[in-house]
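Scroll down for the structure; my scribbles are underneath it.
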Amino acid sequence: MEIFVYRNGANQVEENFSATDIPELIADKKNVVWVDLMGETDEQVAQAKSVLLDIFKFHHLTIEDTLETRNQPKVEAFPDYLFFIVHGIKPETSSANFVTKELDGYLGENYVVTFHDQRFQSIKLVKQQIRTSTFACRRGAAYLLHQILDQIVDLYMPVVDDFDVSINELEERVFAMRKGNDAILEEIMDLRRSVTRLKRISARQLDVLYRISHGEFPQIPENVLPFYRDVHDHLQRISDLSENYRELVASLFDIHFSVVANKTNDIIKFLTIFSAIWLPLSFIAGVYGMNFENMPELKTRYGYFVVLGVMALVTVSLLIYFWRKGWILQRDDRKTEEEIESSKENKQK
Amino acid sequence: MEIFVYRNGANQVEENFSATDIPELIADKKNVVWVDLMGETDEQVAQAKSVLLDIFKFHHLTIEDTLETRNQPKVEAFPDYLFFIVHGIKPETSSANFVTKELDGYLGENYVVTFHDQRFQSIKLVKQQIRTSTFACRRGAAYLLHQILDQIVDLYMPVVDDFDVSINELEERVFAMRKGNDAILEEIMDLRRSVTRLKRISARQLDVLYRISHGEFPQIPENVLPFYRDVHDHLQRISDLSENYRELVASLFDIHFSVVANKTNDIIKFLTIFSAIWLPLSFIAGVYGMNFENMPELKTRYGYFVVLGVMALVTVSLLIYFWRKGWILQRDDRKTEEEIESSKENKQK
Amino acid sequence: MEIFVYRNGANQVEENFSATDIPELIADKKNVVWVDLMGETDEQVAQAKSVLLDIFKFHHLTIEDTLETRNQPKVEAFPDYLFFIVHGIKPETSSANFVTKELDGYLGENYVVTFHDQRFQSIKLVKQQIRTSTFACRRGAAYLLHQILDQIVDLYMPVVDDFDVSINELEERVFAMRKGNDAILEEIMDLRRSVTRLKRISARQLDVLYRISHGEFPQIPENVLPFYRDVHDHLQRISDLSENYRELVASLFDIHFSVVANKTNDIIKFLTIFSAIWLPLSFIAGVYGMNFENMPELKTRYGYFVVLGVMALVTVSLLIYFWRKGWILQRDDRKTEEEIESSKENKQK
Amino acid sequence: MEIFVYRNGANQVEENFSATDIPELIADKKNVVWVDLMGETDEQVAQAKSVLLDIFKFHHLTIEDTLETRNQPKVEAFPDYLFFIVHGIKPETSSANFVTKELDGYLGENYVVTFHDQRFQSIKLVKQQIRTSTFACRRGAAYLLHQILDQIVDLYMPVVDDFDVSINELEERVFAMRKGNDAILEEIMDLRRSVTRLKRISARQLDVLYRISHGEFPQIPENVLPFYRDVHDHLQRISDLSENYRELVASLFDIHFSVVANKTNDIIKFLTIFSAIWLPLSFIAGVYGMNFENMPELKTRYGYFVVLGVMALVTVSLLIYFWRKGWILQRDDRKTEEEIESSKENKQK
Amino acid sequence: MEIFVYRNGANQVEENFSATDIPELIADKKNVVWVDLMGETDEQVAQAKSVLLDIFKFHHLTIEDTLETRNQPKVEAFPDYLFFIVHGIKPETSSANFVTKELDGYLGENYVVTFHDQRFQSIKLVKQQIRTSTFACRRGAAYLLHQILDQIVDLYMPVVDDFDVSINELEERVFAMRKGNDAILEEIMDLRRSVTRLKRISARQLDVLYRISHGEFPQIPENVLPFYRDVHDHLQRISDLSENYRELVASLFDIHFSVVANKTNDIIKFLTIFSAIWLPLSFIAGVYGMNFENMPELKTRYGYFVVLGVMALVTVSLLIYFWRKGWILQRDDRKTEEEIESSKENKQK
């Protein structure tokens, strides 16, 4: 448990208070008090519970929610304070399996109480900030809370951007794919799971911030509202992007599938061309392998070489046929690509 | 029929009343009365009907709804009481074919009436609770009802979590699939049915709890509202997750389909490689099986061995060709997988 | 045209009035009058028109709507009466091509006017009911109308339930399908059409009943509202289910497609195995069919039998190879199914 | 430019006024004036502009919108008049590429001004109507406008119904398809485009009529509102149906795809059966084509005929095998179809 | 930084002021002042910051948003001014990868401040306009801003229209596709990305303009609102179209896939016909290549020619069979296409 107190007009934030000092500190309405409770060990949880229950006398349902995990983001108003749950994101996680952690808290007239059972980088950053400058505290508790939420939301951005990277990378690998298709499918599915989760979380979170930032709660003074709206706008962007990515990930399945179909098509084309060439040749050879006594060609001098010539002719005819049909067309292919290039260039002119 | 009465200030909940005691019990507004009606046998249904109709004089439409099954969750306000229908879930059911059961009830100023035609574990739990401690009764009838609803909603969680497990398991089996594909498809369809049903039920239920928990009904005192909001939040989570799962189950079809396409692709590739190797070899054999009188090669000493050598050469060339084309590439495959691994590791750093 | 009059306090509903009696009958506000107009023949339509226009003096737009067909369900308020259009369902129709019919009507202070150009079973049922008991009339015209609507909505249920049956049946047939695939596709498409239609109709109908049942119209007395809400709830269920079925029918396409893909996969596997076995064997035979003069094997005593043995060896090797690859695996298949069974059992424990 | 004036109480609509008469005509509030401006030639556009700007003094933005094309349907209120844009449909167009045209207009207290740059059949019809009977004018300008809108919306119906026909026709052709698949795909895509467009236009249009018909604008007197609601209802039906068709057209892709898959499946089955029969036969012939000196069978008297018999036996066995496997099953097929028929009949009983 | 001042009644817009003149200029409420700040270089950004902060004293959060990029479109009201962010589109970009740029700005009672870090063609156009005519300034600052927004929205239109072209072009190429399928898939995916982005941006932008144009902000005088509504309508059209295109692009995947399936089907058909013809012929040849001593046919005089005849017969029979089955039907194909043509013509008559 760490307690930070900013006394009105002071130049610096004071620390090193104990739980018993809290009632006195918050009694002076000119102070801004931040109580940050940790819940990593059972002992810390017990201490946090006693602070919330005995000192602040918060509604016991909110305390249950606080100490539990697996809650959805929400905000609830009580006569003297706001209770909120938001989800931060672990900064080191990749988009494919990002991990969130819960921050529970209370906002009173002149105090903020936060509780988290894991280390929270955003919290750490705000602490460093207020140790350096009292700026964040001077505008009161609601502004201090805004700083924390702002940091939390900012940490989503790298993960969201990583989605863009992941989708692009997967798309490239789908196009380049060789045999390891199923592995790619699994990754697409993982990404889909992930992006669905992001959408769900950000939707709930957005709802919380919308309500906070649109003046629903008297605990947030009018002049702090724009700051919350700012956080709300950032989250809006995250939410919009996650919807975006959801659609793009869904189309990765379509693409994967079409690429496989294209490959199958190519292979079957190969098989067909191959069969179409060898089968008639084998037939010709088979004809002259027959043992009829009276087969005049067999006795001619150059029969054998004529037949070899005929076979070559058949082969060439078939190759030309397939080339015309567009099944063997390396040059045309390149042409097509060139055409694409040139049409692209035309567009961009 | 079981009747529980908590007399104001008493230390204990009284039981063993009969239907005829009810009017007197609810007349004292300081009592909290819970009448739990069962409907397993026709006799019990008849008794329940007479209690609802003759003693409580509820609106006869609500009584019809109560005694019938197949109703949707709903809540309706009458001047003196609320009528509600909620759906509990059988705790032992799996996600693939979960079973719900109906709980109908009434909430009056100082009484709760519940009716169910099957055993209800949540009801049983609340009974045990109030026998142990009068805590749940002290805050009045609305709080008592909250306890029941809370238990009901809590029992959804294991089923919802089981969906997660089922989806993962099915996904694994889709990837590992051999011949029993159709069986997997049937299971995916079952899961889809199930998750659609969960979504539908939780949506209606959510609606009921939203209306109860947002102060629409005067029967719920202001100070009990936070408790209902808490139940609402839990249900919200269930509803969000069911939407989630719906999407993931839908993508199982895509995955199944792509896996089959991959397999077909592999098989056709095999067929093509096989044909491409044997067809030319057979052709060569065919050529020298021709019966032309003048085929100089046939008379050479090592002709046969040269032809065998040519055949080996053709085979090796084709193998190299396919290996280059990436159709035979066990090593590259492993490489790809290693690359994936390493790229994953890079991400997580 | 049939006219039913319930005089206040009377024990019985009177019939056998003619159009000219209507003004007098509805003038006495204590009477409850139901005028049921048929429109099967042109003559009936003409009579209906004159009753609506000359006697009741309804807004001529509503009369046009009434006499026409192809209207959407709706409800409209006029100072003295409500005008409504609802759609009933023919009880004998199956889900795949259910048929609806229009019921138009007016609700005044003490009268109900209904018009339909086909026989309406729900109307017939309500007539039987009020001939037997005056109960439905005693609560006034709005309650009488509720009875009619209730009957109409109740008749939807069998059709909706039939959807469930049809979807299950089609699913089974998709899995069992042999060659008649296209027929199944046509049926799926029919069902899709049907379920889309049901959704559209029930959505509009729901809208009508929502507005009627939530006190928007003064023509519906407060104490009759719960009855309309009851009808609304039934319709809500129908609407929810139709949304449900829409999704399930959509996934039938996916399933059909996957089943076909599985079958194609199996056939190609068969072809591949077959080719893979015969092609090398034919090649070996081809080699020893060559006519080289110097082929030492040909002259050995047991050459022929050795070659036959080699052929058998190749066949067995290939069979083992395919068995290992999992392409020939009847036993493993059964195992997989047993595993599924056992995992199912585990779940249900 | 055509001007129609209905003087209060007159028996007939007067025509043949010029632009300069307008101010005087609309000054008498008892007149109903309709100014219909054409914009086919530049001259007409110039005249229309001067009438709108100099005589009616409408807001210049609305005049710009009027003279331009490519506007969305909308309605805007100004203190003295309503400005509206609606889209009519060319009556002769088919659903696959229906063509809309814009009607811009103004509704004042006692005048309607319409502008269109193409012939408008609905306008023509209303003109004929008011020349025949003054009925449409007697209820004032708002009612006159309603007549025009009603005609416009009515002309949508044939196009919408044509969608139904087109979808059915395409579906039939998908099932009957031979080689011209890509042509069908193009048509499905055209229909999709078309139906998407219809949905978009009807949604905007519906919005316009909703606002007009629900009393938002004082320019529409109370007693004319039901007429607008009537038009709104018709449009609602069109909008609902277009949503319907959108879904059905989407499923045409699924069906097309499944039909192709079925055909591919049939072809591969054919190929497999064919190969499976000829490959072993060729192998047997190959064996006895080998040139081993010691092949006892070759010297037997009936060896050749025995081998022919063995070949026949192999063929018959394979045919029986495939018949049992259900790959050759013309009779069973018919049975299946009969079963379907009979099950259909059962349903309809 | 460029400053434009329109003094009331003046004939011309004055330029060439410096930052220090601003306070005086905006103090005279009859002036209309436009301060356009550039942010291409760090120096310009610094200057812009000082103007916004020191001279206009805007809320520092808005200044941060202004100087940053990557903001979503939004509008926010402050007591004395509106802050807005809109996104323009680079006019030279194609639909497949269009580029947007941010315009930030403030609207005060008599001034507009704009900031952009790239050249803005719309800004340039408005500058030219006000240099030519003071018309745009005479109606005040809000009208001037409307001009800018109008220009920005107008520049979207070419890009949106380009989507139509791109979709059509891609569709054509999908149908004409040869081997370069994957390239087409990549383009479809690019277009999907693009259209999703357009939808997202236009949705946010629409929201901004809706709020501005519906009288929410007192900074926009009543008489300027219609102009903003006009811009809103244009944007509405863009937003509707982008939704349209999203659907059509999605169906490009379906079409691509079906075209590939059709092609695969054709190739397999070819392979099947080919195999079906050569396999039996080879078999016949194989039979007479057997070395049985007693094969009477071999010794007949015309045996060889009879066999050749039989082979020709088999070939012709098979060709007829396939022609009847509809697998070889060039003429019928053309017929089908002609029928399509004629049915199209019929429709359009």
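To keep things simple, chains are lettered A, B, C, D and E as they appear, and every chain counts its residues starting from 1.
In the analysis below, contacts are C-beta pairs under 8 Å (C-beta built on N, C-alpha and C of every residue); 3 or more make two chains touch, one makes a residue touch a chain.
What you are looking at is a predicted structure, and each value in this text was computed from that prediction instead of being measured.
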- Would the interface of chain A with chain B count as same or different, where same needs over half of all numbers used to appear in both copies? different
- Task: Let me have the rounded angstrom distance from the C-alpha centre of chain B over to the C-alpha centre of chain D, please.
- Result: 39
- Could you give the separation in Å between the centres of chain D and chain E, each centre being the mean of its C-alpha atoms? 24
- Note the residues in chain C that touch 2 or more other chains, in rising order. 257, 261, 264, 268, 271, 275, 279, 282, 286, 289-291, 295
- Specify the contact topology among the chains shown, as one of line, ring, star, complete or other. ring
- Seen from chain E, its contact residues with chain D in the complex are 171, 175, 226-227, 229-230, 233, 236-237, 240, 243-244, 247-248, 251, 254-255, 257-259, 261-262, 264-266, 268-269, 271-272, 275-276, 279-280, 282-283, 286-287, 289-295, 326-327, 329, 332-333, 336-337, 340, 347-348
- Task: Show which residues of chain B lie in contact with chain C when the two form their complex.
- Result: 59, 61-62, 65, 71-72, 74, 76, 78, 94, 96, 178-183, 185-187, 189, 192-193, 196-197, 200, 204, 250, 253, 256-257, 260-261, 263-264, 267-268, 270-271, 274-275, 278-279, 281-282, 285-286, 288-291, 295, 297-304, 307-308
